[in-house]
Structure formats: C-alpha cells, structure tokens
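I've put the structures underneath this note.
What follows is chain A paired twice: with chain B in the first complex and chain C in the second.
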Partner chain A sequence: MSRNRALLGQLYFGLFILYLLVPLIVMAGAAFNDSKLPTVAPWKGFTWKWFGELWADQVMWGAFVNSILVALAVVALAVPIGTAAAIVLNSISGKYRATLYGFMVAPVLAPGLVIGISTVLFWNQIGTTVGAPGTWPFGRGLHLATLGQVSYIAAYVMLLVLARLQSFDPGLEEAALDLGASHGQVLRRILLPHLYPAVAASAAIAFFQSIENFNVTLFTKANETTLTVYVFSQVRAGITPKINALAFILILLTLVLALAYEMNRRRRARIEAERQAEARRAEEAMLL
Partner chain B sequence: MSAGIDLENVCCDFGSFRAVDNASVSIRPGEFFSFLGPSGCGKTTILRMVSGFIEPTEGTIRIGGKDVKGTRPNQRPTALIFQNLALFPLMPIWENISFGLEVRGVDKATRRRRAEELLTLVDLPGAADKMVSQLSGGQKQRVAIARALAVEPQVMLLDEPLSALDLKLRQHMRAELRAIQKRTGVTFIYITHDQGEALAMSDRVGVMSQGRIQQIAAPRDIYDNPVNGFVASFVGENNIFEGEVGPVSDGMAGLSGPHGRFRARITPEAQGKQVRLYVRPEHTRLTGTAAAENSVEMEVTEVAFEGAFISVHGVAAGGKRLSAEVKNDGVTQVPEVGARVFATFDAARALLLPDANVRG
Partner chain C sequence: MHDLIRRYGTGLTTLFCLLVAFWLLVLIILPNFSMLFESFFPYLPVADQGGPKDVFTLGNYEKILANPIETAWFGVPVTIPIHVNTFVDTVFFSALVTFMTLILAYPLAYFLAKVASPRSIPTLLLLLFIPMWVSEALRAFAWYIILTFNGPLNAALKALGIIDQSIRWQNGIVTSYDAIVIVLTYCYVLFMLFPIYTAITSLDTNQIEAAEDLGSPWWRTHWRVVIPHAKPGIASGCVMVFMLSAGSLLVPTVVGSTKANWFPQTIYTWFNDALDWNTGAAYSMIFLLVCIIFVILMMRLFKVKLSDIAR
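Up next is the complex of A and B:
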C-alpha cells in the first residue's frame, strides 16, 4: 500500500518535471538544428551556425547591453527603497502599517501594462506642467522603463526583506544601544548584516525581474530597445533559430547561477553544523 | 570604578497598571545587589529604568549621585546583560566583546588587545576568533559578561542571565559571576526569581512582590528574619499556623488558634496587624512526646529521602499539613509512615508575620 503510494508520488514528480523540461529541451534542440525554422523535427543535422548569427547580430547586442543597464539601475533603486520600506513597516503597527503595506504591494498586483501606461502619463503630465513635455526626463525612454519597473520590483524586495526581519531579535538592537551605539551604528553593524542574505537574494530577483520584464518596458521605451522587446520584434518579423540559441544561453546561465547558489548554501549549512557540534562538545566537556 | 545607585520613591505605570510602586533603595558602590521576586513583580522594570530603556513615572534615579532623568541608555554608565544574552551572531567573539569600544572609535589593535584581556578575565582565553554558535551556553555567558565589562561600566545590570542554563552549569556560573564581580569591583544589580541564586551570590537582596519592595537585607537576614509572610514563603518552606495574637512582652507573643497555643517572636512592625506563625521545616523537630510548648501532634504521611536530610511530611488535626527535616546523621530517629509524632519548635525560631506588603 505505502509502496504503491510512494510509486505514485514518484510517477507524479517525474511527469511534473517532464512537463517543465520538455518545452525547454525542444527549444534548446532547435538551436542546433540546421533548419530555417525553429523546430527539432525534421532534424536536418547538427550546427553551431545560429550561435554565430546571434554573435553577429549588432541590434541584439545593443538590446542586451540596454537590458543589463536597466537591470542594474533597477537593482540600485529598488533594493534601497524596498529595504527601507521593510524596516519602516517592521517598526510601525496598526493602520499606518496596513496603509503603507497596501501602497507598496499594490503595484505587484497591478497589470504591467497599467504600470507602463500610468508611468508614461504621470511623467508626461509633469513635463506639461513644467512646460517641457516630451523632453528628457519627461518623455519616454529607458529611464522611464527603469522607474516603471522599480515601482513594482521594489515591492518584491520589501516582501523578502520583511520576511527576514521577522527573524531579527530586537534584543540585539537594545544590546547595541546599551553598549553605546548610535541608531546609525546599530543599522550598519547589527541590522543590515542580518538582512544581507535577503538583500542579496532580492537584488538577484530584482535583476532578473528587470531582465525578463516586457510589458512595462514596451510602453515606456522610446527608440532604444531591450532584449525582451527585441525578441518580441523578431517574432513579429519571422522567427529564426537564432532566438533559440539566445534562449539556450540564457537557460544555461540560469542553471549555472542556481547551481552555484545551492552549493554555497550547502557549504554554509555545513560550516554552521560544525560550529554547533563544537558548542555541544564544549557543553558536554563542561558538565564532566 | 563603580558607582552607587539610589532609587527614591520610584513608580512606573504601564497604562493603569502600576508595575513598580514607590520603590526606594540605596545600592552601594561595588555591591552585589539582587532583586528577587516572582515573574511580574516589577524587578525587570526596575532594571530597565536604571538602564534607561524606560523612564520612571514618578521618583528619582541617581547613578553615582547624578540624577539620570532623560539620559539615554547609550549615555549611562551602565551595561546590561540580557536574559537571552543578545550576542551578535554575525561577529566573531572578539568583535562582540569590543563592540562598545568600536562605536566609541577605538582603533582595531587596541580593541583586539582589550578583547583578549577580557577573555582571560572571564576564563575563556583563545576564543577570540570563534563565532557565537561555536560556544556552549556557559561560554556564551562569559562572552556576554566580557562584552559588558569592555565599556568599563560603573554598574552592571544582569537580567536572569543564568535562567537558560542547565542546573549544574548554573551552580558553577554562580560562583564564577561572584568571582568576576569581586575581581572587577563593579556594582552588580542582579535580577532573578531563583531564591537560591539570590541568596548564594548577593551582598544584599531586595525581595519584591506586586511592584513593591518587601524587604532589603543580607541573604542571611532575609532567610532568618523575613519581615512578612510573602518573604518567608518566597525564600523557603514554612509550617504556618493561624490564630489570634496575644499580648507582647520582650519581643515575644502568644498565638492561640485551632492547633493550640504557641509562643513566637514578633517584630515591632508586625504588632497590631493580622499575623500568622511561620517556622521553617529545618527548625521543626519530631519528638515522641509533647514538649512544654509549641508542639503539634501529627500523623506521618510521607518520608522523602533527600540525601543530606530526610523530609518528613505529616497531617495534624483539621488536615493541617506540616513538614520537618531530619538530619541524616545516623543518630536522629526517623519516624515511619503512619507513626504519630509531635512537631515541635523553639519559640526563638518561630516568627509572627503579617502577609505581604501590598496596597490596601
């Protein structure tokens, strides 16, 4: 009975993984097929040429650099804003907390195109008010794409940091104050070091959220394009396996990063387990 | 350097709840002073008022003769040791210890040297580069003390720092804490609900109940001459008798009640109040025949072997529970369960005490 149940569980797990991976495998396979169309069947022979074409595509490179720049700017803005919001939220309570929380989280729930359109309208309005509509920084461009993305990505940062703050012992803050630290010193030496894992994780998430963002960017960008918008334009113009090659590289990159993260996590867990074992030995030695 | 602390008519209210009620105490420089009481008696509130995390609603607190009203925790010459120790888990031990120096802008080499000195002082040399999670409970305790000592406080405030430790370690750390206090000469204010801890370590103890300081005295005095029933019961076991108190002569008075007539000591403060008689089990003898005074017949219901002594429990008329401790010296007779014996005590060892000092 229990063996049957275990078997069923494994079967379900296997099917689930298959469901997730098969499209990726098909798509990756198409990147190596010597065919004009992005497909694995019929297989017309193995080739690297789509990677070559991708490498030679100057527009793609421009869009890629833009994506990276926008993502870095989003990280630089969203991480401090989200972290600060989390710290403030954690120190207040009642209806002010509920209100601020609502304001911060609302952009996550709003559709991307609404954020995109409202960002453009908002800045255009300001531009009109000051008498310079459409000029920088009031007109569309990658800077507006950045601001639009920050408005919802900062909320992800806030949620992650807020979760980490739950495990912070406020006694540590009191202890530091009692030892003569100022509030600034408590923040820098005690609170932020505790939050760094969540801050780092949220920076990574903010970066990838920005890279993959399409709808906000589509509405706020001007002539300069980003990678997702570029891929979209390619699909309209008629797709070639060059895009599959690009996707294959992105998947590979993601896998490598995830693997590195997991290995680092296990190494830290091992170090911590060794430390605790040492503490237990010290405890026992004391009682002998 | 150490400073004395004076509390003058200090009150602390949380909304309509009065956590500390009219507390006055003068703690001497270099003294090991304990506040002892059950949880919720206001002892931690006193500590937090001295450290500056709470301001008193009324009254004055002076540290080293200086009124500290409005002085923030980080500007008071006090160092607090927290119940959960609150060591910084992400810093190595030496940075933990020298944190108070770091925030004062002391250079790294000096800080490192000072941390090593303090680790030697608390008998934990060689732990400077370890992390907090590598240390046992007792070792963490020492680090917390070293960290507090690093800022050269004039007063150390300790909030039940041993409560998280195992019994054996706790007893070991008692002696250790006392030794560190003597070595440094810093005034220690110690908060605990464990009467054994308070009595064993302190120069003086303040026993608290319901926000009020009931008695301030040396441990011996607290135990032998409690001022009221609460103190007597909180620091040890008692046989208690009710009754009407008679006329006082020479500090002694009679008490007659359902269990007979007794004679016991009465303090001037207790006179004219409703009192009960308190006598410790170790001052209660078991005799085969009734003594001239202060004897109550009882039937032995339980004989518990405790090692150094044997605890004998019994029931007197009216279901009154009594107990006596018999020394395990091989000479004193130990009665068996079911035996009828007389619980007898000296009038000089028994006290007539009012109940706790609470607001009427």
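Up next is the complex of A and C:
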C-alpha cells in the first residue's frame, strides 16, 4: 500500500515536472528553427541567426541595462527599508504591532497595477502642487517604477529579516552595551552580522523580483523599457524567434545558477556528514 | 520604542523610523489616498483644470455601468454593462484558476511533505523552482507558441490522428477564456504548491498513521487530518493565486482572444490609451475593493490571520 502510494506520487511528480518543462523546451527549441514565426513545427532547419539578430538589437540592450539598473536601485532602497522595518516591528508588541504589520504586508497582496497607478497619480499630484507636472521626478519614468517596486519588495525583505530576528539573543546587545560599546558598534558588530544571511538572501530575492516585475513597471514607465516589458511589447507587435533566442539564453542562465546552487549544497552536506562521522569516531575512540 | 533608543541610540532609532515612515507614507499610504482622491474628479483638459468643471463627482464610477451588452451566463441570456461583464468574468475565471491550481498542487504538496524520501527533497524542490525562475513574460510566450494556430499542439494532435482540422485554441473550446485559464494555471500553480507544502511539513506523521491504524480510509484521513492542518497554507495559496490571476495583464494580452477581456486590460486602456487617469483610478479602486473583500473572505472562511497568509 505504502509503496504503491510512493510510486503513484513519483509518477505524479514526474508528470508535473514534464508539464512545467515542456513549454519551456518548446520555446527554447524554436530559437533554432529557421522559420520567420517562432515555432517548432514545421521544422525548417537549424540556424543560429536569431542569436545574431538578438545581439544586434539595440532596444533589447537598452532594456537589459535598464532592468539591471532598476533592480540595483530597488535593492539599494528595499534592503535598508525592510531591515529597519523588521527591527522596528520586532521592538514593539501588542495592538500597534498587528496594525503596522498589516500595513507593511498589504502591498504584497495588492495587485501590481494598483501599486503602479497609485504611484503615478501621487507623484503627478505633487508635481501639480509644486507647479511642474510631468517633469522629472514627477512624471512617469523608471524612477517611479523603482519606487513602486520598492513598496512591495521591501515587505519581502522585512519578512525574511523578521524571521531571522527571532533567533537573535538580545542579551548579546546588552552585554556589548555594558562593556562600553557605542550604539553604532552594537548595530554593526552584533546585530548586522547575525542578520547577514537573511539580508543577503533578501537582496538576491529583491533583485530577481525587480527583474521579473511587469505590472508596476508597465503602468509607471515612460519611453524607457525594461527587459520584461520589452519581451511583452515584442510578443504583442508580432514576433520573430529573436525572443526565443533571448528565452533560451535566460533559461540556460537559470539552469547554470540552479546547478551551481545544487552542487554547492551537496558539497556542504558532504562536509557536514564527514564532520559528523569524525565526531562519532572520536567519541568511540574516547570510549575505548 | 524606548528599547530601541536604549540599544541603538537616538540617531539610529530616528533613521530606522524615518526609513519606515518613508516606506509606509510615501510609498504606500499617500499614493493610495491619492488614487482614491483622483477617482472622484473628472478627467479634464489642462485648460479646465481647477476651473468650474473640476468638482467632486461620482461620474468615473458610473462609467462602469455604461454600454449594456447582451450575453449569456451558463446559457441564461442577460443584459449587462460591458465592463461589469468583464469584471464578473475576471473574478469567475480567476476563482476557477485558483481551484485548478489547488487540485493540481495539493497531491504534489502532500507527496513532497510526507511520501518522498527526505534526502531527495532539496533536489526535487530545486527541479520545481527552475521553471519558476523563468520570467512570467516568457512562460506566457511559451504557451503562445504552443497554442498558436500553426503551432506544435495542433501539429502533434494531427500527427496522432486525434483531430483532422487545426483548432484555434486561443479562441477557446468551452469558453473564450480557455487559453487564459490554462496559461494562468501554468504560471501560478507553484504559488499554490509551496505554502501548502510548508503547512503539511509541520504535520506530525504519527497523526496520519494513527488515523490509518484506526481504520480511516485515505480520503477521510485527508479530509479530517491533513486538510485541516494545511488550512493556513491553502488560504495563503488561494489568496496569492487569485490576486495574481485577477491582476494579470500580461497573460490575457499575450494568449487571450479578442473576445476574452480581462479587467486589468480595461483599466490599462483607460489609463494608457484614453489617458483618462481619473477613470483608471476609479476602476482600480473598485478592483482593489474586491481584492480586499476576497482576502477578508478567505481569512473568515479558513479562520486564519493575515500573518498566516502573507509569509
């Protein structure tokens, strides 16, 4: 019975993975088809030319650079904001904590287009008030996309750092203060080193969330685009397999990153296992 | 607050509070007030702004009731304003997507949490994560290729002899929303999987074995033991998938037919093509309201807290 169930589970898992991967394989395969339309059937012969076209596409390169710049700006803003929010939230309790928490996580649940529209309207209103509507920084553009993205990505940072704070011993800070450390030293030498893994992970998540973002960016952008919006506009305008070439490269990149992550994890697990085995041997030796 | 000052001093505490205030006020609360405010004022050319016409109005909200069309719900003919129709369709089909992802994800979450060997879990999770790291735009595009008229799905079905004529998948078989539902399910199924997986992991396996030892059939074990325990995860997954589906602009635009309108597309048209930001604001207020109602409904239905949903 139990073995049957495990088999059934594995079968389902296999089918599920297939379901997730087949569309991506079809898309990547179409990058090599010598056909004007992005498809794998009918197959008109193998070609590399779509990669050449992609390489020569100046708009794509501009969008790529914009994506990276916006993502870096989002990380630079969201990580300090989210970390500060976690520290503040952790220091208060009771009714206010729940309210504050609610306001902080609300943007995670809010639809991206609401965030986008509200951001644009708010800055436009400030622009009108100071008498310069539509001009930088009050008009639409990638700076507003950055702010809109920060409003919800900071919440992810906050949640990760808050989770990490639960395992922090505040007694360490007390000890440092008693021994004459300054407030800055307490933060820099005691708290931040403990939070570092969560901060690093949240920075990575913030970066990729920003690259991925579509809804907020579409509503807040002006003429400059990001990579996701570029793909969207290409698909909408009738596409050539150049986008498939881009997709192939991005999927390959994802695979390489995932593989590196998995190898690193296995290496660490092996080291850990060896260490435990050694400890066991040492213990046995002691008993003898 | 005193605790913060004692630990980090006045300067750093002020900095923390300023960062939080900037986030909550400038990035979240004030923009939403701004949207609410703008939604009550008419869209006017620059010359009329601040003039006698620039007064408080409900006109933007009334626009959703304009242009009645004839349509049918489950075979029953109804006359309904076109944007209300789009809205109802969006909510209905997003709920359908949510339900489908739940059906697809629950068995897998249970398998990963309780059946699969713990040693292989990190590798299996990684396998699932890889497709999620590929951008949503590309995943929608992949389905556009598959479903297109001269695409691989039609070619494969014809080669297998299942169909004679190519099918226009994007126009739908059952409803004109078929393609959108399929692709949204594909895009968001993992947002359902991971919360449920996390929730089931924390269930003591002894409880399942106890139920089985006492003679409970497998479906009752799930209904009375596993699902009640997984409730926070299910609620979290449902909220995430519903929000993402109902708020998706990309998928309906890429794979949707001309007959299938999604509410975010309507909002985008007001905002970007008609340049009527005020009506766009009114529509997104309506949209936001429904989203809030949905979250509250889910919290009541599953008896969970907001902190269980947003994690």
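As a working rule, the second predicted complex is superposed on the first by the 260 of 288 C-alpha atoms of A that agree within 3 Å, B and C clash if a C-alpha of one lies under 4 Å from a C-alpha of the other, contacts with A are read in each partner's own complex, and residues count from 1 in each chain.
By definition in this document, a contact is a pair of C-beta atoms (placed from the backbone, for glycine too) under 8 Å apart; a residue touches a chain by one contact, two chains touch by 3 or more.
In this text, all values refer to a predicted model and were calculated from it rather than measured experimentally.
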**OP:** Determine, under the contact definition given at the top, whether A:V88 touches first (chain B), second (chain C), both, or neither.
**Re:** second
Subject >> Contacts of A:A237 with chain B and chain C, given as first, second, both or neither >> reply: neither
Original post:
First (chain B), second (chain C), both or neither: which does A:L177 touch?
Top reply: both
Subject >> Partner contacting more residues of chain A (chain B vs chain C) >> reply: C
**OP:** Return first, second, both or neither, reflecting whether A:A110 touches chain B, chain C, both chains, or no partner chain.
**Re:** second
Original post:
After lining up the shared chain so the two structures overlap, which partner does A:A279 touch, if you call chain B first and chain C second: first, second, both or neither?
Top reply: first
**OP:** Figure out whether A:R5 sits in contact with chain B (first) or chain C (second), or with both, or with neither.
**Re:** second
**OP:** Scan A:P193 for contacts with chain B and chain C and give back first, second, both or neither.
**Re:** first
Original post:
Given the touch rule stated above, what does A:R265 touch, chain B (first), chain C (second), both, or neither?
Top reply: second
Original post:
Which parts of chain A are in contact with chain B and also with chain C?
Top reply: 177, 182
Subject >> Touching residues (chain side chain C, partner chain A) in the complex >> reply: 1, 3-4, 6-9, 11-12, 15-17, 19-20, 22-24, 26-32, 34-35, 37-38, 104, 107-108, 110-112, 115-116, 122-124, 126-131, 133-146, 148, 150-152, 155-156, 186, 239-240, 243, 246-250, 253-254, 264, 267-268, 271-272, 277, 280-281, 284, 287-288, 291, 295, 306-307, 309-311
Subject >> chain A contact footprint on chain B (complex, rising order) >> reply: 51, 53, 72-75, 78-80, 82, 84, 86-88, 90, 99-100, 102-104, 131, 133-139, 147-148, 150-151, 166, 168-169, 172
Subject >> chain B-touching residues of chain A, taken from the complex the two chains share >> reply: 169, 171-172, 174-182, 185, 189-190, 193-194, 272, 275-276, 278-280, 282-283, 285-287
**OP:** Name, in rising order, each residue of chain A that touches chain C in their complex.
**Re:** 5-6, 9-10, 12-13, 16-17, 19-21, 23-24, 26-27, 30, 37-42, 80-81, 84-85, 87-88, 91-92, 100-115, 117-122, 124-125, 147-148, 150-151, 154-155, 159, 170, 173, 177, 182-184, 186-187, 208, 211-212, 214-215, 218-219, 227-228, 231-232, 235-236, 239, 243-244, 247, 250-251, 254-255, 257-258, 261-262, 265
